[in-house]
Structure formats: C-alpha cells, structure tokens
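Next, two complexes with subunit A in common: one pairs it with subunit B, the other with subunit C.
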Partner chain A sequence: MTEQNKEAGTQKRAGYFCIYTPIEVIAAAGATPIRLFKGGDSIVVNSGEVYTRSYFCQFAQYSVGAFREDDPLYRSIDKIYHFNTCDQMKKGVEAIGEFFDVPYKMLCLPRERNRDASRQFMQREVEFFRKDVEELTGNPVTDEGLREQIRKYNQARQWVKRLSELRKQDVPPLTGGEFLDIVKAFYYLPVETSLKYFEEFYSHIAAEKASGERPIRLMISGGIIADGDRRLIDLIEKELGARIVVEDHCTGLRPFYYPIPEDKPPLQALSDGYLDTAPCARMKPLEERLDFSQKLADEYRIDAIIYVSLKFCSCYSISKNSFTKRFHGLEIPVLDISADYSENDLGQLRTRIGAFFELIRKGDSHAAA
Partner chain B sequence: MPLHKEKSRLDVPLNQRDYLKSHPKSPTINRVFELSLTYIQRADEAHKRGQKVYYGGGVYDSPILHANDAFPCVYNELGRLAGDDSVALAEEHFQIPNETCSMVKATMGELLRRKNSFKGLIAYCSLCEPYNTAFEVLKEEGYDVYSVDLPYRAAGVNDARFESLVDFSEKELTGLAEWIGGGRVDEERLAEEIRRTNLIHAKVRRLLDLQVANPDYIGTLETMFIWNGANHHYGAPEEYEDILDQLIAELEEVSAIERKIDRVPIVWCGGRGQEFGIYKLLDDLGGYISKWTMAGRLLRDYDESLPPLRAIAYNNVLGMGGPGGAKDQIPFLEQSLEDTKSRGIIFYGYFGCSFTSVNFEVIKNHFAHKGTPSLVLDGSFQIGDPSGQNVTRLKAFMEMVTNG
Partner chain C sequence: MNDKFLGLDIGSRTAKGVLLVGDTIHTAIRPTGFHMQETGDALVKELLLKAGIRKSDITHIVGTGYGRITLDFDGIPYGDVTEISCHAKGAHYLHPNTRTIVDIGGQDSKAIRVDPRNGKVVDFVLNDKCAAGTGKFLEMIATSIGLTVEELGEVALKAERPARVTSQCVVFAESEVISLKAQDVSQADIAAGVHLSVARRVGNLLSRVGIESDVVFTGGVSKNKGMRRALEEVTKANFVDLRLDAQYAGALGAAVYAREHAASNTVKHESRLKDRDLFASLREELGRVREAAA
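Now for the complex of A and B:
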C-alpha cells in the first residue's frame, strides 16, 4: 500500500513541529512524518508576525510565515498534528489552520509527566491521534504496525545517539554543525533511508582518527535551534574555534537520548515513552530538566555552556536563571544568549562569545560574558 | 444628566484608590471598592490569625477553598498593589527578561514581597506559558506550589474526547482538593459551596443586565469590580452577596424611571486590565461595555446534579481552563452584538500574552468580514495610566464608532 501510494504520489504527509508527536503512529499508517522546524530567516518571520504578534518567539512567527510565503515543504503537508507544547506554538498552529486552510489536529500533552492521571490521559490522546491518522490515510494502524515502527525509530534514535557519542573523544571527529545535519536527516528522510545512511556514516566516521589540540568543549542548551539558523553555530565553530560536543535542545541530541519502550503494549509504550523523553522546559517538574542537562554535561565532559533562548520564549527565558544557578554551583561557566533571527547582533555576539572563551581559557568557572 | 456629561472623570487624580473612592452615585459601590481594595490586606490578616490562605486563579479553586475554610486569594488582585517596582523586583531577583508579560512579572514581584503571608500557591498549567515556568521557578525558591494541569480544549473537541478532557481535569482537581484538605475531600460541603456560587452567579448576571440598562448609574470600572468577585467573593461571601442584593435593589429603583441612553455600547473581549484609566476613558468618551465575554465564561453555573468535582471539571474545560479555539468565542460575541446592538468590539490583552493574541486575530478577521469595527489593545497588568498609544487608539476608535 505504502509503496503504491509513493509511486502514485498520493502518500499522505503529516507535519509536526514539536518532538512530543509520536511519529511512529504516522508511519504505521503509511504516511510520511515531516518535522517542520525551519527558521532563521527574518523576512519569513516578518510575514508570520502579521498573524501572531510582535511578542511571539521568532520560531513560531517563522512557522506561520512559511505557510504565508508558500514554502514548498510546508505547503506539501496534508495535515498538521500538534501535541500542545508551548502556548505560542499552539496558537501558531491555530493561526496556520485559520488563515491558510491547513487541516490540523490539536492534541494535549500533560505537563505533570509523573502523575498517573497524566499517563492515562496521554494514552487516550495517542489513541485519538491514531484514529485521526487512520482517517487521514484511510489505512488502519495496527498494534503490529506500531511495534514495527517503534523498533525502526528506536534503531534510528540509537544510531543518532551513537554518532553523538563519538563526540565524547577529546578531539571530536564531528562538529556540532555536522551533527545537526544528521538530526535533519532523521526528521526529513524516511526512517528506512536514514537508518541506512546513519549506519554507513557511522562506520566511516568511527574509523577516522581525529587529531589536533583539544578544543573548548561546549554544550548548547536552551530552546530550538531551527534548521537554517546556523549563524551562532558557525560563529562558535568556524570563526572562534570551539567545538559543540553536545546539544541539550530539541533539535540536537536531547530527543534521541531515551528510546521508546519495546516491552509494553504499543499505545502505552508511545505515551509513556514520549512523556519520559528528556524534557523540554515546558514540562514539569523543572528540576528534572535541569538534572538531564547536568547528566549531559557530565557525560560529555564539557568546559562551558552556551544557553540560547529565543526572545519571547517564556519556557527557556524564565527558567534560565535556575539553569545558570545550577551550573554555576557546579563551577561550569554559562553564557546566556537571548537570540532572534535578525542579522544585526552578529558583531555583539562575536565580542561576547570571544570574551567568554577567553575567560574559559583562563579557567574562570563563573564566566558569563 | 448622564454621568459623563455631569463631570469628566479625567479631572480625578490618576490614583486608583482615590479614583474609586470619588465615585459619587451609589453608596453600595463604595462597599465593593472597599472589599476589593482590602482584599489582599484581609488575606494577610487571615494568615496571621492562622487561617490557611492560598493564592490561585480565583474561579474553579474558590469553592474548593471555601469548602476547606481556607481563604481564597487571587493573582489578578495582586495587580491592585503592583506597580513598576514589583516588575523591577521580579526582573532583578528572578532575572526574568523584560519582554515577559507584565502580569507574570508583577505577580512574581508581589509574591516575593509576601513570601510569608500565605500557605500555598495554586498553579494552573495550560492557560499561560510564562506562568507555568514562573511557578516552577517559585518552587525552587521554597514556595509551596501545587500545579493543576489543565487540558486544552481546542476548537471542535466534543463527544468522547471532550469527556476525556473532563476526566483528566476531574483527577487534577481531586489532587488539588486533597492537597488543600490534607488528603480528604468533603463532597457534601463542596456541593454546598457550589450551590452558593450558583446563587451568586445568578445575582451577578441580574446585576449586569440591570447595569447595561442603566450605564450612567454604574460605570464600567465599577461594573468590573462587581463581577470580578463572582467566584472568589473577595474572600467574604456573605458581605459580597449582601452588596449584590443592595445593588440590585438600587438599580431596580433606578430602572423604574425611564431614561434615554446616549452612550455607545461596546462588547469587551479578553482580559481585565488593571490600568483602570482605560475604563475611565471609555466612560468619558461616552461609551459603555454592553457585554464582557470573560464574564460569560466566569458566570457559568455548575451542574448541581453531578458530583461536585466533576461539575467543577466541566466548567473548567468549558471555561477558562481550556479557553478553546478562538472560533468557540465567535457565536457568543455574535449573540452579544446582536442582543445589545453594540457598535464594535474591543479586544484587550496584556502585552506578551500569547494565548489571547491569535484568538484576537482570528475573531477580528471574522468580524472584519462582517463589517463590525474592532480594536485590539495591548495593556499592562500593574495599575497605572494607560499608555499614550492605547489612549490615542481608544479615542480614535470611539470617534469612529460614535460617528458611524
């Protein structure tokens, strides 16, 4: 069925923005899940602002603007599924549905992830999601089909995690920018294709012996780094010579860290698995998110953290003080950057990050430029 | 003579307390103001006496708190105290970026000042993202916070899925009731509180109808103060109910005399601003609010045939808990415009508030196609003068709708 649909060009495409969408359900229905996470272009942002407000984060504005600007990838989507994460994205999706006639389904994602009531509710929401995807595609989503997709996506997540772990070496064979390309492959390619690609790439890169001086090892933490928003990463790695060895954000390593359980009934596995994924700052309790950030920092033996939050992103901007306090307590320097997609602050960023690196080289653990 | 022609309240000093106390007409209105202005102070005193004081949303938690002999206090009334200094305090202490919604910053600043004046904080999730994170940060500061997760009722949610949302909400509210009640829920007492709230709702609705028929007798800001207390009763249910009875009697007397209303009716959609000057200005410009959409949600009766927490959960999902898709508000607004022959809609939200923003755009777009004028105002939470921009825009809007 899926192959026939592909040939006929009728395979449905389901778009999603946030990583809490159980894409296994979409794939099990023979549809293609596509994460919509482009960003970085201020012209598209301005276009989206017409329907949001100036105080929406620029990722949300971009997401709306991409539909207004007829981005071919976004416009190829048959339906958007949105497990309600932050309020701005929720409202952004409603704006897309209202102003651009894009069908969408809003689903709930409980915040208090450890409560029994949340678990039961999430499972019911995944069940409603499954029914909707079946209606969209006309294909049944069977338990067996879900199990198969859970296995495949877990394998893909495992490969991404293994590729990331190569960066634990003193001189990582992979840059942060290259790792984000791997992540892009996960979100844009069919899982079968990406599995093949990851395996080949891993064998190639793991065989390489990286040499040279140990660079400053950085963790990037905070909100989304969109596909297309590379200026900060390029500045850090290409211009200033440091290396991003791990990402504690939703377009980096974070969503790949924990697999979906394979030993539970599939709907329960998906609802539990997605609630148990390494948490976004929107989830509660906040302390668990900080614990996870600390775990990554330990594992990847980082020297410092650059905390990036998009302006007007309440989840990451309001919690950044808690984050900074936690890491200063651990004597790990943190540089806080409030970012957007404009180009005019590049010089300022260059100065601040350059000064931050200098302080790190001098061994100042409380550095914050 | 209509109040706006009798004396321009633009002459009254822009201090909320003085402004409120200067109201000349209804002696009972002064009792409402007094109740509101002393609300936080009475909460502090209750705390000192050993009564359990909780800050919450002041709607669905109120019957639960009353049923536990606790004192319900509300975040939005903290705005009555908050000024720029509260905002600055929150920005400095919590390092909150200045672009964050003023309501959240003002509340956090005030809560920081009053750390030892209450027992706990009730945090509702889903409605507002900055608050969700703010309460997590407050937890880290040692505040006793209980989070109540609220499901989002998107447009078109009905039948089995709607019931699923209610089930979840009921479980969350049960958790809250147990937290407040020390592990137990007195259903009988709660049912009693729900019955009382329904009676009060009916009185507030009656009063709003009478006020709309007599907008010169009770002004806009005064009206907001009245219905603001419909659920939390400013912590004094008996006093609040007595005030409602007296006001109804006053207005019924006034209604007996036929008068011509030469004010322009406007429907108000969105939040209740603390920058009281907006309401004052609306009155001075010869307008009045014919319908408050939020009041419609907040005055929904509880279904007394259901177990009390289930009844609260229903209202929660239908009302503020899950504000629903913007489209859900359109029929109510259409009906309001038709019933009151209103000339336009004012949308009011706080700068930085995402959950009202797209809703406003969607609704505004709908009514623009029908030729209904509307105005979106971005206000601020803490008390004070409205911004010059809002004043100018409101003046221009009123001129437009008044002159057709």
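Now for the complex of A and C:
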C-alpha cells in the first residue's frame, strides 16, 4: 500500500471469485484483494435468479444475487478481476457488470498447463492484468513490489499448510470448521494481518495435546464450499462426530499446497505458479487432479471421502465419475452429495451421511452414492 | 429375562413399532403426526399391551426414520441408527438371503445392497430430494384421479393399455394426468402408467447399486400391489414374499439393532464440539470485513 493512498483512505478493493487470480499483483499495487465467496444463502440465490436461470450453479447465482441484495462487502468492490475458470462464473461476472455497473476485467486461463503456448499465453495475461491493476490504482506495480508480495503470500500459504498438517495426528487438534475460518483469514484480511493470526494459532494449537478416540477421518472433495455454507460441515463434525481432516477443494487446503516459485522473474513466477497450483477440475488432463486428490488422501490417512458438488455445477458433477472410479479402485469409500444452499434437505443429508458412517464404522470398504 | 427389544421407525408419514420378545414379533402402527415423542410413546404403550409386559422389562430401544434424533424414553437405553441400515437388518432377519432392497417410503425411496452374511449395508442410493418416486407422489396423483392411495394399486392391476406418464415432478405429472383424463383414458390405465413412471425412476436407483437376487421390497409403498407389479416389470426381478408386512422392516431392523447394541453394550457416540476462544477475535474481525465495516 502506498503512503498517499493510506492517507487519503482511497485504497482500492479488487474482488475475485476464483483462486486462479494472482492476488500478489493487486497487493503490489497497494490495493486490497478480496475473495467474494460468501454463498450459502438460498434467498440471495433466488434473488440472483432474476438475472440468471434456475439451472445456473448456486454459487454463480449467489454471486449475482449478492449485488442485487446490496451486500455491503460485494458493493464495496471497485473492480472485479476474473480469470475465466468455468462458463457459469464467467456469465455471472458479465451479468454483474451489465446489471449493476460494476467494472470488471475478464482474463483467460489456459486449461492445459503443460503446453509451452499455455505458459506464454498465461504470462501475457498476467502482464495485461498488471497493467489494468496499475490503471485502477494509479500505482506502478514493480518487480520488486511483486517479489515482496510473493514472499509474503508464500509465507501465509506455508502457515495455512502447516496448520492443516496438525490434522495428520490420529486425533486432530483442529476441526474442519476451524480450518475454514483460518482459510477465510487468508481471503478476507490483508496478508500482514492474517500472518499474525496464523502464527498465533499455530503456537497454541501445536502445543495442544488432543486426546480421545480416533474419529472417522474424512476428506471433503469437489467444488467450492462457500464461506456461508457451513451446514454440511456442522452436520458432519458437530452432530455426527466425524472429522474433516483435509479438503481437496478450492476453499480448503488445496490452493495452499504449492507455493509460487521465488527464483524466477516475478511475472513468470506468478503465471507458472498459478498454472501449477493443485488443479481444479476445469484443468486438463483430469488425471493430474485425481493424482493430487489421491496424494492428499494418502498423506492424511483418510477413512473415506465425501464428494460435494453444487447443484448445476457441470464441472464437478461430471468429473465425479472419474473421481469415484479412482477411489473405488483404492477401496476408499466415497459418498456423493449434490448440494445446494437450501435448508430443506437436512433430514435427508443426515440419513445419507449417517448411513455412510455406519457403513464405515462396520469396516466395510465399499462405496455408497 | 433380557430378551425384549424395541425398534421404532418414525417415518415422514407413518410411525411403526416392533417389539421383539425372543423371536416373537409384535407390531404397532400410527400416523407420525406432529409430536414425534408422543407418537413414539403411544407406540411403546400399545406394544407393551400387546405383549403383556411392563416398560421396565425392555432392555434397549433403537429409533430410526426421520424422527429418530429427538426421542427419549426415560431410563431405557436408547440409540439411533439410520433407516438405511435398519431396513437392511430387518429384511435380513426375515429373509437371510436378501441381497437387494428397494424401499419406497412416504418421502423418499432407496436402493440398498446388503451383505447376506450379516445383513449389513454394502452400498446404497437415495432419490434426489423431491417427491418423485415416493409414496407422496402416488398419493397426489391418486387424488387427482379421484382415488385413495390404497385404491390406486388395485385399480392399476385392471389396466389394459397403461398410459404413458413421463413427468417425474409431481406438479407436472398432475397436469399430464389431467390431460390424459381429458382424452378419456381410463382410470386403470392412468393408474398403471403412474406406477410405471415411478418404477422407472426407482429402477434407475436400483441399477446404480446393481440388482442381485433375492430382492425385497420394503417401506409403506410395498403394500401397493400395482407398484410391485410395475417394479417387477421394469427391473425384471422377482420380489420375495416376507412373513411380515414389509412396512415394518425398518422398525424390525431397529429392534434387531437394539438386541445387538445391548449385547455389545454400545454407548451412543456423543461428540459435541465447542467453539474455541482462540478463534474469537479472528471471527470478530472477519465479521467486520464481511459487513464491509472494516
């Protein structure tokens, strides 16, 4: 943040939805990056449906609805940057721009990270992104500034990962619900502030001695689990007594797993680093994503997986087939949940997840859907 | 003697109770109503009367179904097990060679694969969270052609050319049925068509877990002969006849679980997580950001 901006109180806020946005660029321009991922409220979803369609994904509809409902955080955003990951979010961002006069910049994200052309293209997109952020803020984004932000954000990623690793213990001292709060700090707070929290949390929690019986250890996999979408987590952990020990999705551990390289020129470091992050199901080949899921499952010694895809998310609802096949082969049970932000199916979810746990506790290692 | 176990299946529409005294099965049934505890208490009272025993004679109670969470029977050990496991256990008790169960209840339908060695669930699928393919669907369609849900199945058996009903959604199916009525299609043909439509839906669930004989049909809708015929036609499977009304399979399974729990002295797993103070200031700060007040 530049001194002038601080004094004038004109620090710009740049909003983004997907984790493929190199937020280091925003921070290097003295602006605040804020991830817009509240979600979880069906009334806001219904509001968004005025501009979308009922068969849009719940998160995309929510994102549009939040602007229509004048959500103060969403309305405080000066500009939205969207690295195009899926079609529904792309159209959602366009609707936000068109109907609510919110400036936005659409950027492209290649699907095949291993091709040279993709690398070159991504680097040009990040360059383009940098120029746009410079225009928005009126501040130059220097290589030195980028290097500094890359270092800071890498530190934060490292802390989140270390906090997550505490959950590798038989009785994890940290719940999945708590881990979501830690992750929220990364997306909502300035990196300097979140670093302080992470260090404090780590020193406390690492010193704790968790006791008790080894709970059912779960991995949650699939699409986005929004900030406000807590009912599944609460049902699993608070009511049914299992523990989420690792998340293979974009609001859990996944984006914190790999750092941005610090030994390359900053623009290249960012474009390579973001392309090489643990992959979303929109990337190709899908096998790379499955390999990563399997790696997490091994590392965290999980008993079972709950695969959650939001209603009408074409990406995660289709790729679940390959996912389930992979883990059936490994004899790890997978429960497939098609979720939305309504409240009327809690009874059914309780039964499905409860029966899934009964099946795991009995030591049967088959899958249920 | 410690041989009296009680299972209660508090379903979305109907509550069922089974009291196992040795191998003698006593049953009771009533509408679920609004107050599930009262319904549960009434079922217990009726079963005690039928078996001629006192409440204190019961060793263990297991509840299942939608209402299983909130029940309490002062003093008697109580646990809850999901209706998926209970239907499997109950069907296995009645017919040990059960490998596949189709359960159609008031508000959901399930396909369950069972291990014939022990009656445990191997795999299961539930319908999506809407009324398509459930008892509620049949009830609403019955009303729209002027029949009760009990009559619907009988009438369907008299069909000559079952009508084509393609909508899975209650609301759309209702208008489809109204237009069939307008075309003078007979009540029987419409009824048969509706059953086939539900059977196709449930047949999809079954094919996802795989149909392996012996197949058992449980849940309230299993009493409907038209539904049974339509399901047999769609799935090409033969359903096994049970010695007990299959509507009680869940409650019976719960009673069998009560017996097992009592034997293994299983205590209900209580895990209440408390919010940690450590996170309080972070949560407060995040709250301010979320309201853009920071």
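In this section, the second predicted complex is superposed on the first by the 363 of 369 C-alpha atoms of A that agree within 3 Å, B and C clash if a C-alpha of one lies under 4 Å from a C-alpha of the other, contacts with A are read in each partner's own complex, and residues count from 1 in each chain.
The rule is simple: contacts are C-beta pairs under 8 Å (C-beta built on N, C-alpha and C of every residue); 3 or more make two chains touch, one makes a residue touch a chain.
Quantities reported herein were computed from a predicted structural model and do not represent experimental measurements.
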Combined model on subunit A where subunit B meets subunit C, clash or fit: fit
Apex subunit A: angle to the C-alpha centres of subunit B and subunit C, given in degrees as a multiple of 10: 80
Partner chain(s) touched by A:Glu135 [first = subunit B, second = subunit C, both, neither]: neither
Subunit B versus subunit C as contact partner of A:Asp298, first or second or both or neither: neither
Subunit B versus subunit C as contact partner of A:Ser338, first or second or both or neither: both
First, second, both or neither for A:Arg352, with subunit B first and subunit C second: second
Partner chain in contact with A:Ser76 - subunit B first, subunit C second, else both or neither: second
Partner chain in contact with A:Pro215 - subunit B first, subunit C second, else both or neither: second
Contacts of A:Ala281 with subunit B and subunit C, given as first, second, both or neither: first
Partner chain(s) touched by A:Lys38 [first = subunit B, second = subunit C, both, neither]: second
Partner chain(s) touched by A:Gly92 [first = subunit B, second = subunit C, both, neither]: first
Superposition-derived minimum Cα distance between subunit C and subunit B (Å): 8
Subunit B and subunit C contact sites that coincide on subunit A, given as residue numbers: 338
Interface residues, subunit C side, partner subunit A - complex: 66, 69, 81-85, 108, 115, 120-126, 128-129, 208-209, 269-273, 276, 278-279, 282-283, 285-286, 289-293
Contact footprint of subunit B on subunit A as seen in their complex: 51-53, 55-56, 84, 86-88, 90-92, 94-95, 98-99, 106, 108, 110-112, 115, 117-118, 120-121, 124-125, 128, 281-282, 284-287, 311-312, 314-315, 317-322, 324, 338
Residues of subunit A defined as touching subunit C within the complex: 34, 38, 72-73, 75-76, 175, 177-178, 181-182, 184-185, 188-189, 193, 197, 200-201, 204-205, 215, 227, 237-238, 241, 338, 344-345, 347-348, 350-352, 354-355, 358-359, 362, 364, 366-369
Subunit B to subunit A touching residues, read off their complex: 94-97, 99-101, 104, 125-126, 128-130, 132-134, 136-137, 139-140, 147, 149, 151-152, 154-155, 161, 164-165, 167-168, 171-172, 175, 325-327, 351-352, 354-355, 357-359, 361-362, 365, 378
